[in-house]
Amino acid sequence: MPELGKYAGAVLSSWAVSVGLLVFLVVVTWIGARRSRAALDAAEARRRERQ
Amino acid sequence: MELVVRNLTVARGGVPVLVGLGFRLAPGGVVMLRGPNGSGKTTLLRTLAGLQPPMDGEISLPPETIAYAAHADGLKSQLTVTENLAFWAAVHGTRDIEAALVAMNLASLRDRPAANLSAGQKRRLGLARLLVTGRPFWLLDEPTVSLDTASVALFAEAVGAHVAGGGAALIATHIDLGMEAEVFDVGPFKADPDTPAGSGAFDRDFDAAFDGAIQ
Amino acid sequence: MELVVRNLTVARGGVPVLVGLGFRLAPGGVVMLRGPNGSGKTTLLRTLAGLQPPMDGEISLPPETIAYAAHADGLKSQLTVTENLAFWAAVHGTRDIEAALVAMNLASLRDRPAANLSAGQKRRLGLARLLVTGRPFWLLDEPTVSLDTASVALFAEAVGAHVAGGGAALIATHIDLGMEAEVFDVGPFKADPDTPAGSGAFDRDFDAAFDGAIQ
Amino acid sequence: MIALLVRDLRLTFRAGGGFGLGLAFFLIVTVLVPFGVGPQSDLLARIAPGILWVGALLACLLSLDRIFQLDFEDGSLDLLATAPLPLEGVVTMKALAHWVTTGLPLTLAAPLFGGLMSLPQAGYFWVFVTLLIGTPALSMIGTFGAALTVGLKRGGLLLSLLVLPLYIPTLLFGAETARRGIMGMDYAQTLAILAGVSAGSIAILPFAAAAAIRINLR
Amino acid sequence: MIALLVRDLRLTFRAGGGFGLGLAFFLIVTVLVPFGVGPQSDLLARIAPGILWVGALLACLLSLDRIFQLDFEDGSLDLLATAPLPLEGVVTMKALAHWVTTGLPLTLAAPLFGGLMSLPQAGYFWVFVTLLIGTPALSMIGTFGAALTVGLKRGGLLLSLLVLPLYIPTLLFGAETARRGIMGMDYAQTLAILAGVSAGSIAILPFAAAAAIRINLR
Amino acid sequence: MEDTRVRQHDDRWNWFWAWANPVKFMSWTGKVLPWLMAMTLVTLIPGLVWGFFFTPEAQGFGSSVKIIYVHVPSATMAIQAWGMMVVASLIWLIRRHHVGALAAKGAALIGLTMTAVALITGAIWGQPMWGTYWAWDPRLTAFLILFLFYIGYMALWAAIDDPDTAADLTSVLAIVGSVFAVLSRYAVNFWNQGLHQGATLSLDKEENIADVFWLPLVLSLVGFGLLCLVLVLVRTRTEVRMRRLRAIEMRERMRDA
């Protein structure tokens, strides 16, 4: 852990927020991708069944 | 002076609804559009009216000859009968609203605000609006919704008069209007949900890709 | 367990619309309400449902036995079929929505948002809502507006099942639903515009005053 | 009754339900004011609590017509009126749902947006507290106004006009308490009145609102 | 085309047309702000031009959804789109009607309401002039936003959200010019840009708005 | 009547646009994505770790200079994402390639998040540097407006049911909005003079320490760029699937009807 001195609060909180938001974005994107893939696979299967 | 539709595909939300439609409507003709709920009658009429682009096929008619009416009549309840009509006449560059008032038996109501008209009278005013457009081809979408039997007869009469005068009408309706007309059932042209058609490249390519994967 | 109406006067905007109505509806009965546009069918149904007070006369029925449906079904398009039904069940203090889902052939659609239902399916969901209220008397106002023939038949069937199970229905409609029913025409009860009736004291007093002044 | 609250919250949070729009409007008002009056932070600091209150009030106001309008249009309101629930309870639940989806987020966001207005340190606390006490009154009064105008075609602006005078006491005492709190003056009295206004509204207005709905459905 | 303008004006002035509601909202905002920030007249005088501009902008904003919504609902918009009028012209007339019924009254009323905000003497002139030049841009931009959201069920608040960022340049230059004018500073440049924003909006946005309507009717 | 439907253009760029065919897009992105993800990991993580742990304090900034490694890349990406959205919207409006519209839709949330990161880190940095979390500095103001644009743009997408209509309208909004965003940026200069750093890194005036700060910054800039690229591609793929899913569901509904 580097020595941050009097700016420790600012540095740590801004990094925490940034990393947090980035992780949030990645997770949201990942969940969305998985959901859409599952839903579409089910729908394509239904469609194929009909043919 | 004829409305000719050839091999027309109309779409709703990018998905074809009716495929390969063809018919013609000549002056003096009335065509009743039939089909179950959701079969695409409204979509077809809006496409013919130029409100949405056709997905495929051809619509040929002389320019600016179509008057479209959904069941909303475009009447302003705060304006009087005359003001309503005069506005639409001005928009269409015609001036004479007297003839339309007389034809639709509205002359005695000319200064009533549209808000105070009964449902049947409103419908007559809507038809008068079609008259002042001066356009021969009427496209009517469920024009008799929640009209009683008497009002329906009145409506049929008015359409008859227009047609007798060289006009033509295409009417989407579920009920029997009791007028002499050709019936055009859209049922047979229903798009097969499983064979995507038209130029909406998105789905066609997809189906091809997925079907390819299976075969 | 019978809905009895005696000498009823219903009013719209303070003006009597139907005067001196009387009829009775027993379990197992279906009554079709007939009458031209503006004759007061909607007004009558809303009065029976308790949404507006009668102007005069008497409505007798056991408390909390009426389920009312205008053509708007009170469905939320963002909620699924189950969520919609469960809500109305909770409001009416019933719990079991399964029976209603099965009865209306909606079980396979249970997780669809209402927005994605076709018109006929929506109507079925509306009827399922009536079922979960657990109330015997259905008051239906133009329930088949813009339904096609197939959907109308389906609807008639559902009402038939309810009635066979000891329910009763009062239906205002312009079209023929093709079911066995008593017809009640409101025409003869139409209020005469010139003879003020009921307890709407305002008009009656005025009329009296002015008539007095002239004589 | 709980079912009604749950349904309303669910509807608001689903796509297209309009959650967050009130918040967005609040943000936009607090952003616009500096654009209007200029960027000097001393000036902004002085008007900040007042403007935050006015912004929250306007944001609340604009979301009022949703309270009953959708239920009226799709017929749910008719059905609720014929259901075995007291209409007073329905109205209260509607007001509560409105507060949870509008008043509460506004209260939580106000200290945040205060930063944009150079709100002084003590202000964060006081704006938060006064809004927390005041917004229930805004929701309840607004529900009453919405009940009065339900069924009118373009009731939106009329609703604003009806409700705004009713909002003035809440605004006055809310903003004044916040200002006094920030400046370290005696705030007990105005705070008590603010709380009184809230409590009074919640006690009385459900009956008035239910009566208004009954009349409007007639 | 003129017929359309005449009809729109007539509709607004008839009972229930909503003329005056924008004005009333403007009045209420200017009344609320003193309640919010407190009655000190020096403070009010400093923020007066900015608040008047913000108030006018909000009042304008809230009347936007009327521009097309009623015509859309009763089917007139479909019929206008099939009529032999260019849709760009229709849109321009709609914006003009909106300006005549909202922007112009606001401009005329602003100096009047300025009194409530202790607006300094010179301010009457400057608020009037900048609003006169700026409100046409507000109407035109608003018409574009209304065209984007026509047909959406509860488009009102979404419309505000979309339009407000677009209003920022107008507001900035308008309020800044008024402030500079009042303080006797050099205003030529900002005034010229304000006029440019107005002219540019009127020149370009009718096309974007007409395109949006065509898409929405599809 | 004139046939107004948009035909596929035929010109010598067709080979290029073929990549935007949804099926082809799904297949090539599926192949490229793993590589891009790997590259993201090997730039972003070292860049951030270097920036956080192994940079010295800067004169005048102290250790707070470390904020720059999240602040500047996110600010850059916020602007890039908007630029990408506008270009993708134009592609949709002009060439009617669905992937264009869907990519624009996918980029919006990324842009919004990056804008939020830049705003928040900037605000936190402002407290020690300028003594205030927020000042109406032109660059800060412009970012706030950008933030509002992103919200409005996403709200419009969410509000419209029909995907093609939504694509058209949001594209028009993105283009008109850009004009007004530039105008606002210009406007705030008249209104307030700024506190914010100029366009050049104030640090690199002192040549000898410049590299110490510059290299990790470049590395994290590249890392952020790659991350955003990966996210845009993944989100676009999601949107393509959702669009396809919608079409299938509509066809099912048609069959039921």
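Labels A, B, C, D, E and F are assigned to the chains in the order they are written; within every chain, residues are numbered from 1.
Heads up, the rule we're going with is that contacts are C-beta pairs under 8 Å (C-beta built on N, C-alpha and C of every residue); 3 or more make two chains touch, one makes a residue touch a chain.
Not measured: the values here are computed from a predicted model.
In this assembly, the chain whose C-alpha centre lies farthest from subunit C is F.
Overlaying subunit B onto subunit C using CA atoms gives a rotation of 180 degrees, to the nearest 5. Once the centre of each chain is set as its mean CA position, subunit E and subunit F turn out to be 32 Å apart. Work out the mean CA point of subunit A and of subunit E, and you get 41 Å between them.
Shown for subunit D are the residues that touch two or more other chains, namely 15-16, 21, 24, 28, 35, 38. For subunit B, the set of residues that touch two or more other chains comprises 36-38, 50, 53, 194.
Contact with two or more other chains is made by residues 148, 151, 155, 159, 191, 244, 249, 251-252, 257 of subunit F. In the complex of the two chains, the subunit F residues touching subunit D come out as 123, 132-136, 144, 148, 151, 155, 158-159, 191-192.
Across the complex, subunit B meets subunit F through its residues 13-15, 17, 36-39, 50, 53-56, 58-61, 63, 190-191, 193-194, 199, 201-203, 205-206, 208-209. Taken in their complex, subunit E has these residues touching subunit B: 2-4, 7, 10-11, 14-17, 71, 73-76, 78-85, 217-218.
Subunit A meets subunit F in the complex at residues 1-8, 10-11, 13-15, 17-19, 21-22, 24-26, 28-30, 32-33, 36-37, 39-40, 43-44, 46-47. Subunit E makes touch with subunit D in their complex at residues 16, 18, 21-22, 24-25, 28-29, 32-33, 35-38, 43, 46-47, 49-51, 53-54, 57-58, 62-63, 65-66, 70, 153-154, 156-158, 160-161, 164, 167-168, 171-172, 175-176, 179.
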